[in-house]
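Inspection log for the structure reproduced underneath, given as structure tokens.
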Amino acid sequence: MVATVEQLAALVSGRLEGDGNVPIRSARTVDEAGPGDITFIENERYAKLLRTSPASAAIVGPHFRAKRTPVKEHLAVIEVDDPIAAFIAVRKHLSGGGKARWVGVHPQAWVAPTAQVGPDAAIYPFAYVGDQAEVGEGSTIHPGAVLGDRVKIGRDCVIHPNVVLYPDVVLEDRVEVHSGTVLGADGFGYRQVDGKHVKVPHTGRLEVGSDVEIGANCTVDRATFEATRIGEGTKIDNLVMVAHNNQIGRHNLLCAQVGIAGSCKTGDYVVMAGQAGIKDKTTIGDGVVIGAQAGVHRNIPSGQQVLGSPAIPVREQRRLFQMIARLPDMHKQLRELTAQIEAVSALLPMTPHHDGTVGGFGDADEPVDPTGF
Amino acid sequence: MVATVEQLAALVSGRLEGDGNVPIRSARTVDEAGPGDITFIENERYAKLLRTSPASAAIVGPHFRAKRTPVKEHLAVIEVDDPIAAFIAVRKHLSGGGKARWVGVHPQAWVAPTAQVGPDAAIYPFAYVGDQAEVGEGSTIHPGAVLGDRVKIGRDCVIHPNVVLYPDVVLEDRVEVHSGTVLGADGFGYRQVDGKHVKVPHTGRLEVGSDVEIGANCTVDRATFEATRIGEGTKIDNLVMVAHNNQIGRHNLLCAQVGIAGSCKTGDYVVMAGQAGIKDKTTIGDGVVIGAQAGVHRNIPSGQQVLGSPAIPVREQRRLFQMIARLPDMHKQLRELTAQIEAVSALLPMTPHHDGTVGGFGDADEPVDPTGF
Amino acid sequence: MVATVEQLAALVSGRLEGDGNVPIRSARTVDEAGPGDITFIENERYAKLLRTSPASAAIVGPHFRAKRTPVKEHLAVIEVDDPIAAFIAVRKHLSGGGKARWVGVHPQAWVAPTAQVGPDAAIYPFAYVGDQAEVGEGSTIHPGAVLGDRVKIGRDCVIHPNVVLYPDVVLEDRVEVHSGTVLGADGFGYRQVDGKHVKVPHTGRLEVGSDVEIGANCTVDRATFEATRIGEGTKIDNLVMVAHNNQIGRHNLLCAQVGIAGSCKTGDYVVMAGQAGIKDKTTIGDGVVIGAQAGVHRNIPSGQQVLGSPAIPVREQRRLFQMIARLPDMHKQLRELTAQIEAVSALLPMTPHHDGTVGGFGDADEPVDPTGF
């Protein structure tokens, strides 16, 4: 689809500066945009890129003109409050918005007779919907996804290809689960009996709140007895492990390859950076930020930022990192000090013993006449 | 299903104290149990929870009464040797035990004509069973699972949805493999030829012993030439990587996100905590315990517990962690010592050089008269 | 299949020493080879194994005889330039080379009417090929693999079972993707609006160059706007995470469980060892080697080898590891020095203050007569 800059400015309620008649064919990032493209800059730091960009138009933020950044002549500029959101809207408009969503139960899917599928739901080929499972209105079950018996999926959820939901998993509304993710598998719990690891049956559930998004190839285990829970609005990246009995709060961000051992509890707005690991039975307060590759082995109070393995407050950890980097200097300094003190001792009549006492004299704390021998 | 406390006590051969006529509807953990529920406590540490719990009955251990923990009035108590096992049995009884297992080959599955499927096996829709594959008696192949050519699966195995077994993988009896796990993919082996990484073909196998359980989204690669092996009774958590040619011993516990590089060998009863990594060609002795996030780069003798990256014996590592935490103090102490020694030197006639020798004099080891100049 | 040693020597153009008439049934590694088997040794280090091996023949390298390693009597030896390559060829020959590859579209697959499938391609049962998708000549789509709308797959690619390619993913020629891997899922990008994480739509693509191999259960996300790219010849192990907008160079080796955050760029011939993590927006130069479990948080210039978390040049890191290991000694030394200096100070008339100045005197840098008071 082609639109003029003026039409696009109207679409995003932006203020147009320059020639509104320029035709725009596609929306691309500033690195890749060419003639006939509209681009955007996120903030003033990138404004200078517009001087040399061959793009025909750009979406900019409200402070753009204030700085009077000189841009290429003939570049049409649309000023908005939120350049990224406007760019996404323009991009969607130019791409034509895609075909209408397919709905229905495909004949090559398998849906148990006792399952319920809501209106406007889509069940693609090779999807499997078990006994007494429920798929809410407007939800999509992509090819190869497997919904175990009694799984309940709310409205407008998207279950991507080859996702597996074990029996009894419950998803609220607008949950999106990316491909390969496994929800509700048994937790890792055994008891050693006669030299063998005997499995603790996992008869609990997994409950996922509304507006949760879970990335690709994650695993979230069911509870031993009650329920593992993911709070509403929490977003999980790829390859994340959430073990059995976890109670994950609302609006958390769990980055890729994070691992949370069993029976932990997180507050709201917790952020865990990539590859961080949390020991079992740990409580993480509201708003905690856990650094990449951190190893958290004890409870973290609300608002704290931690780093390192074992994890400690980030400022202390940064100090330790600096100290560790200075270890060769410290080591050298120690050697020098040792030499110096030996030299100094040599200048004195008595060489102090290594245990810090001075042989043969009474109290080393008393002043001693160095010329006394 | 509803049962009286007396009936449940009989079911688990427990000793009943209190009113045996109380009807019980469900079994729940002490956090979540309410009136009409039976709960349990694992050990005396949690006994005080029973004072306030609204549960109608509780399963307790043999030492419970010895401590005369005061419990809520009207709480019926069943005393057994193993409260968790009894609770699981009661819970299963109250839930009705579930429907009978479905068996057979579903018409929407695909089973090669040359494959063999044992009696009482179940092959669900969209499962794929390749040429000359064998599925043992009583085994279940869930929806979307793929068994490559010549795969052999023993008796009473459970292959969860969307598991993939590459050709020639062999599982002994009672093996359970959770969803999304990939067994027998090619190992990561290349040789650089003319600036390109040329693949080393992996013509070996993967053999998994009896009573092994493998979690969700794991990967265990086949051997280059012979066989990667997982010893009987070993349990593997989610997202674990076991590379080509590994010889994993019996009754190991590999926690989530552990990674074992190629050609390692572990003894029996090895435990690896979450996110630990093992260098290729490493030998791990019997009963070794490897801490979370540890990086093991050399052989570990039997019975040793290691921690850290690089991993060393846990006691030494804990000492190093303490030392690292004290680095700011050490740094401060060093600065003070330097200042002190400079002050001391200043009080002396000769300032020792930084290399530890005293300029102008012969042997610094000889006592020198400080008043000698 | 059975062949004589002479026939096998001819197959690999090797120089035969010993009895060429010995019949060989299979090719096995030196640990597992028995009578009737041919084995190989990779280099002289393993030559002594041939003295005791019951194998009937062995493939060796060109320098083997130079060292005159005494081998078992009656062992036939084939000398070649590249023992592993020759062994692989012999092994393939003895195994009969396998059955002919099946081609065609299986009736239990689902291929959209608007999709194009090239000649000699194979689409297995339960594979799903979306609208306007293209599968190149000679490519294989294994059971349960899902190709989203507009996916383009070049010639001679192998898509293993249960792989998922999101819409618009492009693979060049001879790309191999192992089971469970998810290509082109949405990146992890949100903006916080009114206390909620609002998703940044990912309308970009993923482009994978020729001769790339990607292991099992990996995730490579699509770009926000343009394209995530994997350069030709790059090889990726299992459970690796490559986030949105990454530009991975050519001939990289990414080992298992590596995680690369968003918008990074790597040069050619980069190697990342297992469990390494890379911060977002990091640039990694050509030929960089990143150690196992390293945490890279800043740009790495070409040719550098880094280790540790945070990662620094490997020689410096090794030095720091040594220093850390010596911390208990340093700590002890500090205590001794403190004691010594206290003892020395005690021998002097004035005890220097802890701030390094000497109370009551003028300039501590000036020589002071210790007998002056």
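For clarity, chains are labelled A, B and C in written order, and residue numbers in each chain start from 1.
The working rule: contacts are C-beta pairs under 8 Å (C-beta built on N, C-alpha and C of every residue); 3 or more make two chains touch, one makes a residue touch a chain.
These figures come from a predicted structure and were not determined experimentally.
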Comparing which residue numbers chain B and chain C contribute to their contact, where sharing over half means same and under half means different, the two sides are different
Turning chain A onto chain C by a C-alpha fit takes a rotation, in degrees to the nearest 5, of 120
Chain B and chain C have mean C-alpha positions lying a whole-number Å distance apart equal to 24
Expected list for chain C, residues touching two or more other chains, is 108, 126, 144, 162, 180, 217, 239, 257, 275, 293, 309, 324, 327, 330, 334, 337-338, 341, 344, 348-349, 370-371
In the complex, chain B touches chain A at residues 27-29, 31-32, 84, 87-88, 91-92, 95, 99, 106, 108, 124-126, 142-144, 160-162, 178-180, 211, 213, 215-217, 233, 235, 237-239, 251, 253, 255-257, 274-275, 292-293, 309, 321, 324-325, 327-328, 330-331, 334, 337-338, 341, 344-345, 348-350, 352-358, 364-368, 370-371
Per the touch rule above, chain A residues touching chain B in the complex are 108, 110, 126, 128, 131, 144, 146, 148, 162, 164, 166, 180-182, 185-186, 188, 190-191, 195-197, 199-201, 203, 217-219, 221, 225-226, 239, 241, 243, 257, 259, 261, 275, 277, 279, 293, 295, 297, 309-310, 312, 319-320, 323-324, 326-327, 330, 333-334, 336-344, 346-349, 370-371
